Each structure stands twice: as C-alpha cells, then as structure tokens.
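Labels for the chains are A, B, C and D, by order of writing; each one numbers its residues from 1.
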Amino acid sequence: MNFASDNIVGASEQVLRALIEANSGPLPAYGDDPLTREIETRLGEIFEREVAVFLCATGTGANALALSALVPPWGLCVCHRESHVIDDECGAPEFFMHAAKLAGLPGTGARLAPETLETWLAELSPSVKQMPPKALSLSQLTECGTAYGRDEIAALSAIAHRNGMKVHMDGARFANALVSLGCTPAQMTWQAGIDVLTFGATKNGCLAAEAIVFFDPADAQAMPWLRKRGGHTLSKGRLLAAQFKGYLADDHWRDNARHANAMAQRLAEGLVARGMRLAWERAGNEVFVIMTQPRAEALRAKGCAFHPWSPANLAPENALAADEGIFRLVTSFATGPDMVDAFLAQVDETK
Amino acid sequence: MNFASDNIVGASEQVLRALIEANSGPLPAYGDDPLTREIETRLGEIFEREVAVFLCATGTGANALALSALVPPWGLCVCHRESHVIDDECGAPEFFMHAAKLAGLPGTGARLAPETLETWLAELSPSVKQMPPKALSLSQLTECGTAYGRDEIAALSAIAHRNGMKVHMDGARFANALVSLGCTPAQMTWQAGIDVLTFGATKNGCLAAEAIVFFDPADAQAMPWLRKRGGHTLSKGRLLAAQFKGYLADDHWRDNARHANAMAQRLAEGLVARGMRLAWERAGNEVFVIMTQPRAEALRAKGCAFHPWSPANLAPENALAADEGIFRLVTSFATGPDMVDAFLAQVDETK
Amino acid sequence: MNFASDNIVGASEQVLRALIEANSGPLPAYGDDPLTREIETRLGEIFEREVAVFLCATGTGANALALSALVPPWGLCVCHRESHVIDDECGAPEFFMHAAKLAGLPGTGARLAPETLETWLAELSPSVKQMPPKALSLSQLTECGTAYGRDEIAALSAIAHRNGMKVHMDGARFANALVSLGCTPAQMTWQAGIDVLTFGATKNGCLAAEAIVFFDPADAQAMPWLRKRGGHTLSKGRLLAAQFKGYLADDHWRDNARHANAMAQRLAEGLVARGMRLAWERAGNEVFVIMTQPRAEALRAKGCAFHPWSPANLAPENALAADEGIFRLVTSFATGPDMVDAFLAQVDETK
Amino acid sequence: MNFASDNIVGASEQVLRALIEANSGPLPAYGDDPLTREIETRLGEIFEREVAVFLCATGTGANALALSALVPPWGLCVCHRESHVIDDECGAPEFFMHAAKLAGLPGTGARLAPETLETWLAELSPSVKQMPPKALSLSQLTECGTAYGRDEIAALSAIAHRNGMKVHMDGARFANALVSLGCTPAQMTWQAGIDVLTFGATKNGCLAAEAIVFFDPADAQAMPWLRKRGGHTLSKGRLLAAQFKGYLADDHWRDNARHANAMAQRLAEGLVARGMRLAWERAGNEVFVIMTQPRAEALRAKGCAFHPWSPANLAPENALAADEGIFRLVTSFATGPDMVDAFLAQVDETK
C-alpha cells in the first residue's frame, strides 16, 4: 500500500504500447521527426490555439526551461513560498534563469491570493537594488493538493500582466486539476491568462515526458537553444513523442486523471468517515490527512508508505494538536480501489 | 539507405525488452531504486573498480555535468578544437561549468597530440588574466571517427595530471572504440589516466541512456546536486536503469558495437575498392569518405542519406581536390549487410 | 540636514591626502605594487594574524566575491531575511555564486538568533531536492543598526562550522560596530569564528574602498581569478591601496567611527528626550526612530533628509501605532554636532 | 624607462584636481547625482547624439557589462582571436554574458577583415547545436596597436547588422585611435555602425574611469540592473563622474592622446632609424618593435621595462628570424620626450 507518490509506478499500458510501436525504423534525430510534429499539432488541437511545444524528459527541466524563457538574469519570478520550483528542484530554476531569483509569497493551502500579490508588488522598492518582477509561476495542483479556480488564475494573471510580468503554470498534475475543475484545457490556461504551461505527463501515465507549451510562440524564440544547451534535447526524439502519442490518444490522459482523482476521493471519504480531518480540501489525486503521529507510525509499521508534510500553509482554524501531523497520500492511474480499501482496513486496525 | 547517424534508429530488441520488463510494479523515485543500484554495481564490475555512477538521458547533459564536476567557473577545459563538446552542444558545457571556458587545440584527425598539449600548456601566461587549465576532455571515438591508442591516452593524461588537470573522456561511441582497440574498459579508461567517463549507450542500442562514470568517487561529491539542478534526475529512474540492464546483459553492448564496426568496415572496403579514399583511417562505425560533390549529389538523389564534414582536420597529404568533399557515413547495430551492399550498388551507378 | 546615508559624503581629508600622495610615479598594474603589499601587511597587523586580502571598489562586489569563494553553485548561504546581501544588492551574490541561493531566516532587529539557525538546519530535508547549506553571512552592523555581541557571533559560527558551513561577516559598517563593542578586530572576527570579512571603508571615510579579508588563506585560492573575471581588479591598483593607507593610518578609521557613533548617540538621546522611541537599540551610527508620518513629512518639508524603514523586524512589544513609521537617520565622520542640533531644533518645531 | 603599459601611472593633474574639487559636500548616492548627469550630457555633446551612459571603474567590467547587454546566454560574440575580451579578461565577458561564447576569428595585425567575417558567418551551421552570433566586438586600438579605418568599421558593422548582430567597440585606447584617425567621435562610432562603446579613460589620464556609451538607449534597458548586480555601481558615484569631468574638460582627453601618440611616434622613428623594423604599423601610443632577444635582454638589464608580444598576427612577409622577438613599448600622457630619448640612447649602447 504505497501512497508515497504518483511517480513510483511505470508507464500505463497504452503509453508503453505506443513506445514499442514507435521504436522501429529510422527517424530524423533531435526531435526533427514527423512523430514530434504530430504531437505539436495534437497539443494545438487540445488547447484550441497555435502553440509552440518543446518536449522534455523531466518536470524540473521543463519548469526551469520555461522560466528561463520568461525571466532575464536580473529579474524576479514570483511564486508561492512553498511551491515546487522554489523548494523541491535544488535550484534548477535559478540555474537556468542565470541567477534570477524566485520570490516566495505566503498563502493558505499553497495558493497565492490575488490581494497578496497586488500588495507585494505595490510595496516593491523602485530602487536599482531591487530586482524587478518579470514572471509569476502558479502550481496547478498546488503543493497542498488544492487547485486554483479559473477566476483566481485570471485575477492573478491580470495583476501580473498589468505589472509587465508573464505567467507560467507548473502543471505537473495538470490533468488531475483539469478534470477536477471540469473545464477545458484552454479555459484553465491561456483563456485565464497563462502564457506558458509545463504540461506534465510523467506522473499520470508516462515514464518521462513533459511538454513546455507556449501560448504565444513569440515567447519561445530562444527555446531551441535554451533546451539544447540544457542537455534536454533528446537525440532519439521519438522516446518523448511516442509517450505523448499514447498519452493523448483516446482521451487516455483525462481518463487516467479521472481514475486517480476518484481513488483519492474514495480514500479521503474513507478517512473522514473514520474521524480524521483533511489539512486542505482535496482537488485532485492527493489527500493531505491529519492524524496523530503514533497512528502514522503504526500504519507505516504495517507497510503503508506516505510522506509527512509541512504545516506551513494550514489555515489557522485547522491548526494541529500537539501529537498531530499532516501526511500526504497520492493515488495514480495505477491505484486500484482494492488498494484504497486495504489501506482503510489498516487504518481501522490503528488508532 | 540512411547513413546519416547512429541515432536515427530506436532501441535494440534486447534493450526494449528490458524496458518492458522493468515497467510494472512500484519503485522508489529519483533513482533511489534497486534497479539503479544494480547498474552501478554492474558498471563497477565492467570497469574492475569502485565507481560512482550517474545515469542521464542525453550525451550533451552527461558531458556537461561531468565537466562541471571537474572545472571551476574560472577554469579552462582543454579539448580538440573540433570536438563535440566545443562545437556541437550549443554551449552546454560552458553553461553547466558556469562560464568556464573550453580551449580548443588543433590536431589531425581530431586527435590531440601529446606534444601539442605540452607546448600549449608551457606557453600559457601565468597572469591572472589567463584562466588556468583544470581539465582535459578527449573524445573516443573522435569527431573524425578515429580512436586514440591506449598509449596516447596515457601520455595525454600524464601531461594533464602533471599540470593539475583532471581528464574526461567523451565516450559517446565508447563501445565502438573499445572493440576496435581490443582492450578492456579498464585499460582504455582509468588505467590510462581517465578520471571521468561519459559512457554512451544511446547511439549503440538504447533510446536515451548515458552513464557518467567517476573512477574516483571523491570527484563526484557534488554530482547529486549538480544533476538534480540540471533537471537531469529522472523521477522514474527505472527508465534509464532498465535500458542499461538490457544494454549490459550478455555482452550485448559489445556485440552491437562489433556489428556496427563490421558494417562500417564492409562499407569502407567497398568504397575503397571503388576507387575512393578515406579522409581518416576508420576505427569504429563511422566512415569518412572523400568523393566529388556531384557524385554525392547523385547518391542523395537516389535516396541515400549522409552528412558532409569539415576538412579542417585533414592531413596535408590528403588534401581535397577542387570538386571533392568529405562525407560521413555511420552504421549502427541496426545496419544490415544488405543495406551496405545496396548503397555500394548505388555508388556503382554514379561517378 | 541630510541624514539619508553615510555614503552621501566624499572622502575624509586624510584619505584624500593619501590619494594625492600616491598619485605620482610609475607603479606596477593590477595590484601587483608595493603600496598594495603594504596594506595587506597592515591588515595582518590589525587582525593579528596572517590574512589574504583582496581590495575592491564596492561593498556589493566585495560581498558577492567573498560569498562566491565560500559557496558552490549548488549550495545555500544562510542570512537574515532582511540582510543587505539578500535585499539590497540586486542579486549580485546569486550572480557571483553562480545561482547558489540565499536563504533568509527571521530575527528581531535583523539579528539571527542561534536557536533559529540551529532549528532551521535541523529541519532541512536531506533530499537532493534541497540545496545544502555551505555558508552563513552575518551583517555587523545589521540592517536595523544593531550589533551582534561577540558571544552571539561565536555561537552562530560554532553552529555553522558544526554543519560544514563557512562564516562571512558583511562589515560595511565594521568600524562602527567595533568601537561600539569596544573589542579588537581579532575578537570580533576570527576569534569568534568568522572565516571571511568584508571590511568596509567606503562609508567611513573613503570614496570607494573595501577589503575582503580571509582569515584562512586557503579559502582564498580562487580569489585572484574570481576578482579578475568579476571586473573588480583595478588596473591602477594604487587607487584602492592609497585610500586604505590614509584610512588605516593613525587610527583614523576608528576615530572616524567613534565620531560618527557619538553623533548618532547625540541624535538618539535628543530624540528620546523629545518623547520619541527607537525601533531598535542603537549600536553604531544609525538611529532608527519611530515617529508619526505627519511629523516625518513636516521634517522633510523643512529640508531634512532620511529614509523610511521596514517594520518587519520590530519586536512585538514595540509595534507601531496606526500613523507611525520607522525612519533611519545615519551619521558619518563628516556629521557635526551643529548639524545634529539643528535637526533637533527642527524636531522641536514639529509635532 | 618604463614602457610596460599606459596603466602604470596615476591620474593627470587636471583629473586629480577635478577629483579633489568634487570631494566636498553631500551628493546623492549610487550615481543619482548632478555631477553624473553632467557627464552624461557632456558625452552626448561629444558624440553628437542622445546616448545612454553607464560609468564603471574598470575596462574589464565595462566590456563585460556592455557585451552582456547585447548577447543572450545562448548567443555568440564574434571578435578577433587575440582580442582583449577573449584573451586578457579571465573570462569576464563569458561570466557576465552567462556563458555565452566568444568566437575568435583570425586577422593580420589583430584586425578582422570584412571578408573573414562574411565567410565565417556564411559557413555557420543552422543547426541548434550551433550558438547563433548576436554581437561583434571590435578593439580600437587593436591588440597589435593598429587601428581600424572608418571604412573598415562601417563594412564590418554592416555585415554584422545584416546578420542580426549588434556591434561593440572596445575603446580602451579610444582617444589614441581617434586622434590618430583624425575624425570625430561620432564618425568613428555610431556613424560607422557601432551600437555600444567602451569609452576608456583610465589609461589616458584617469585612475579608474570607463564609460559604457549606448548609441541606442533601447539597448541599455537592462543596464541599471546588470551594473548593480555586477557590483559595479559605486555608492559614491562622484568618484567616477569627477574623473570624467576633469578628463573631458578643455579637450584634455584628446590632448593627452595626442601627446602619447607623438611620444610613440618619436620612439618608433628612433627605433627604425636605428635599423629595427616594426611588427605592425603604429597607429596610436603603442610601438611593437622587432628586435633580437639578446638585445631585449640587454635593454632590460639596463632597467628598461616592456613586454614581449605574440607573433600570432604577424603578416607572413614580416616573419621573425630565429633569435628575434616582438616587444611592446607603450607611451602615455606622462611620457616625456626625455624618457624616449634616454631609451633610444640605451638602444644605441646595445646590439
């Protein structure tokens, strides 16, 4: 009963099959092949717009490259202060942005509030000592498993644009957020003001496949060189394109997300039914549950795997008791209801 | 009849099978899994020594990361002036080395001569205006398809070490060079003074798999962070480890190289028998043939694919006539004798 | 009545005279001259230890270079979250550290408490996602004009060293802190665990002169190249050395600081006597006074110059009333008692 | 008799006097003062155009900052292969350009020929492996003491602009070149296609003063932040502005250059009259003379100081005999005719 993350499993069958199918025969190198072109076209259809697409094997690489296309070395990228880009990528964004800086702002549930951003920008010193803000990066799902509503994204993007900033969305769990909000890819991105998206596929059915999607191709002019010099241009480009072919076909990507979210819902409801409370409302495939440390230990002793989480973004009314902690449980396309139920059965055996 | 490169084909069957086998079941993320451990152990056996291993999806990433572990931002990395790291990686080494510089020296057949290195080092200014040399990078095979002999590697490494420099080998075609020299992996690397190796597997049977192999683990201390902040730590580490499992099993990697080299030999002999001459002696799976431009055009018109090459490293006695050019033909594990013979038949039809 | 900063005046007479004296005659370029050697020797005497010294024209350059000698590109430098290096240098430290990161911790009066550092380090994730801490930077005086006691410096340094970190002191107002604590330069630095000091002279009598002082010359091995490639090695090195010659002669540097501190004391006492309170205890030549915004406006209208300051590091018991603000008043070697008294007279005319 | 360089002397009397005059009284910090504004205006008059000006203390800093404003991290800056930026600045340009690369082309007398540039650009690979050229940097005077004619500058700039590149002039010895060509500052710069100039003053009468002059202010938009984060924004900006005030007043800067050039001419003529030949034609204040190594040793033994120089850019017809070397002799505003004659007298005593 491993709920440690959605990256502990391999590829879905459909994705693996696409990989096998694309393996034979010669294809031009470095992504200059018809399969890659096909994915670019497909993403344009999905987002209902001309897009510039750059495939990449890792989420950290994709985020860092996307930000480096938006932020000059002397600029700031604003994000939530516990966002993945600032906390979990070992400085990759700063490295790729050539020492540009991430400025982290607070917000309950790892969500930035528009007023927080507005106030912070208004108070920035105009002095040359102050690096100027050039981009805003939003995580959808957030680090607390919550989702921004379309109105919130639009409000934040509008503030950013008014201040001369571009807007990036870290969509490592894009599909989970999308099916949770029940809107179209276009609605959750460029129609709400997003300029560049890291469209994650690795966690939701692929092995190593992310797409950097620019909604204004003019923003992507430097990308071919940025990606190549980052070592992120695969010589056998088919590896990435084939995964996406399987991922995007027959709505597989949304099906996977719907399944993972449903499993998370089943899990969350089971936990609440057993008297526990959630740290933050669940939006996708992550459940952040509050339980006592001894109970968490007991569950681990029974072979259950999950991670502790920081209480930094907890709403005050939800504060932890002395022996309580927050624990993250993540489901994926490969999580079965039996696995959820088995875990809940273990919970029943602990206190 | 596509001889454009050895990266135009997918994975070998054995590698693909290993990938499929490793796909199911949960595994810890970020390369912290038993499969990755197994590859590290296996490479230690192959190199007959304790090694520190870092898997990576691209050769450019692997080279750049390896060099960044050896060269401080204010140092020089010496290499041949038409080497891959200086000419074909869009500045990735400089980016990862934080603006440290590559210094390119001349040499026939893209091979550095020990005397050239020795003289150049002796003439370097001791002034602070001059960045100090901190590493030497050798390509094996070279950009002209030649190989350094073990004695040459040892002589170059000795000079480098005497001057306080570490030695890197760019082994994008390591296996092809190895079977060509007929020595052991240890003999061609650390026993000849190599400190770090980019052990390429992508071109010789994998889809995207390179290993950075440190023969002194002390040199690798920064590598976990360097790789992560480069975006080169795959979350589903099994993708890389599985490819290597298939690649290294049953001497598959050397078999693939032997086959590719034999095909190149067949091709070279066929071309020479038809009156052409080679630009440089063939050591592995690349044939650099000199032919007239019209003939090359005629072959292309018949659907043959290959790249023109720079005459910069030609020995004077081998100079081109006015209408001649150099053309690179590359074979791989997937090249069949029929494909070689079909190409030679086309050659017979042109002049 | 300009109390905006201590960098609004030129050089002291003694420093200017030294500059004039050093102007004539040939001297070797790039700091390779006897005058520069003399300053290095003199600083060794002042600090009672062998030191490695690198002169530099700006405090931002000196801080950034010093930190770049301590922190690898993949490391963290811990500092107070409103320190000068993190807030007022437009990202210079990050640029020179090649995208290494500054991690800002909280603390009243812009002082880090040893427990804060200890706890923060203990809670750091051991994951490769987390950049490891490699240096601690302390400001003496701090951004709130307070000073660390020798015991506090020693306690913080001990924690840093136990955790494999080096310790830097940003001594932009080193002399002011030193005469305030009444200890020796050695006591306030290496005897309390400081590894590298930015010894500021610009604000206290020079025009543009800072010295980076390494207490362990081994830490300085890369500095000649780091400084040169930062563009901070003056070709006519006498400009820096001459200023230091005047600055360090006859205890001029401490006299200047004593004078500036005395003027600040006179100012602070005058303000308190007039019913105002200080935001933080005054340690050197900066007075942070709390007054109402209308009163501050009235003083400005009378031609008084000073800067507003952030209330972020205020102790809770000292919180601002609705119409109050914090204002920084800085004195220097050039501030006369008449100027202080004239300002206080203006204060008497406002409410 | 020290002819080692033009940076071995201090400031001229007029510059020193201006520095003394500007020392007293308060002035706003960080270059936001009326004296700095005055210099900006004055440079606009001198160049007959609206300019954006950034003062800086070192030539290396000024060159590196100027190039960083023109070249993105993934671009190339083309220059002569023995230019100062590529050979004598310890990688400062690459550091400030965030690992963008300098591409060095050959040319007799350290001058790039338009055809060389044109051919090189035409042969560049369009592949993403190749960093694209974004700037051209010309040195005026060159590293061999020669000067580009206005037509040559115009021809090179036109090629650069046609290829989407900006053009930088490294004018460390701008004044010497200018009076040598006998044209106006406008004619030698923007009217010939120069976009950005490093206007050197340090070698020709100042202590540490360079101006980065942008002829199109739009190119300078990032400069305030670039300079600050490079640590090159002096807090007491008057130091730089005052030097320029003295330097630019009463045509002092051109007078200094005329004098230095005349001394170099006297020296060159004296050497030629004594049977020696020049390595390259003298254009400014540097004489590159060919003499036998024993004679150079003999002169040094008599206390004469000068540097040996690389024969790399010698025209074939001027090749060195076995015991010959090239030696650089530099004059400055402070060189008197007596010093030249005394040196020539020493020459008469050697063979």
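By definition in this document, contacts are C-beta pairs under 8 Å (C-beta built on N, C-alpha and C of every residue); 3 or more make two chains touch, one makes a residue touch a chain.
Owing to the predicted nature of the structure, the values given are computational and were not obtained by experimental measurement.
Greatest centre-to-centre distance from subunit D is found for A, with centres as Cα means.
Judged by contacting C-beta pairs, the busier of the interfaces A-D and C-D is C-D.
Mean C-alpha position of subunit A lies 51 Å from that of subunit D.
Inter-chain centre distance (subunit C to subunit D, centres taken as mean C-alpha positions): 35 Å. Residue positions of subunit B with contacts to 2 or more other chains are 73-74, 89-91, 95, 98-99, 128-129, 131, 225, 228-229, 233.
Listing the residues of subunit B that touch subunit C in their complex gives 30, 72-74, 98-99, 128-129, 131-132, 222, 224-226, 228-229, 233. On the subunit A side of its complex with subunit C, the touching residues are 73-74, 87-91, 94-95, 97-101, 128-131. Residues 2, 4-5, 7-11, 16, 19-20, 22-29, 56-62, 64-65, 89-92, 95-96, 202-203, 207-208, 225, 228-236, 238-239 of subunit B touch subunit A in their complex.
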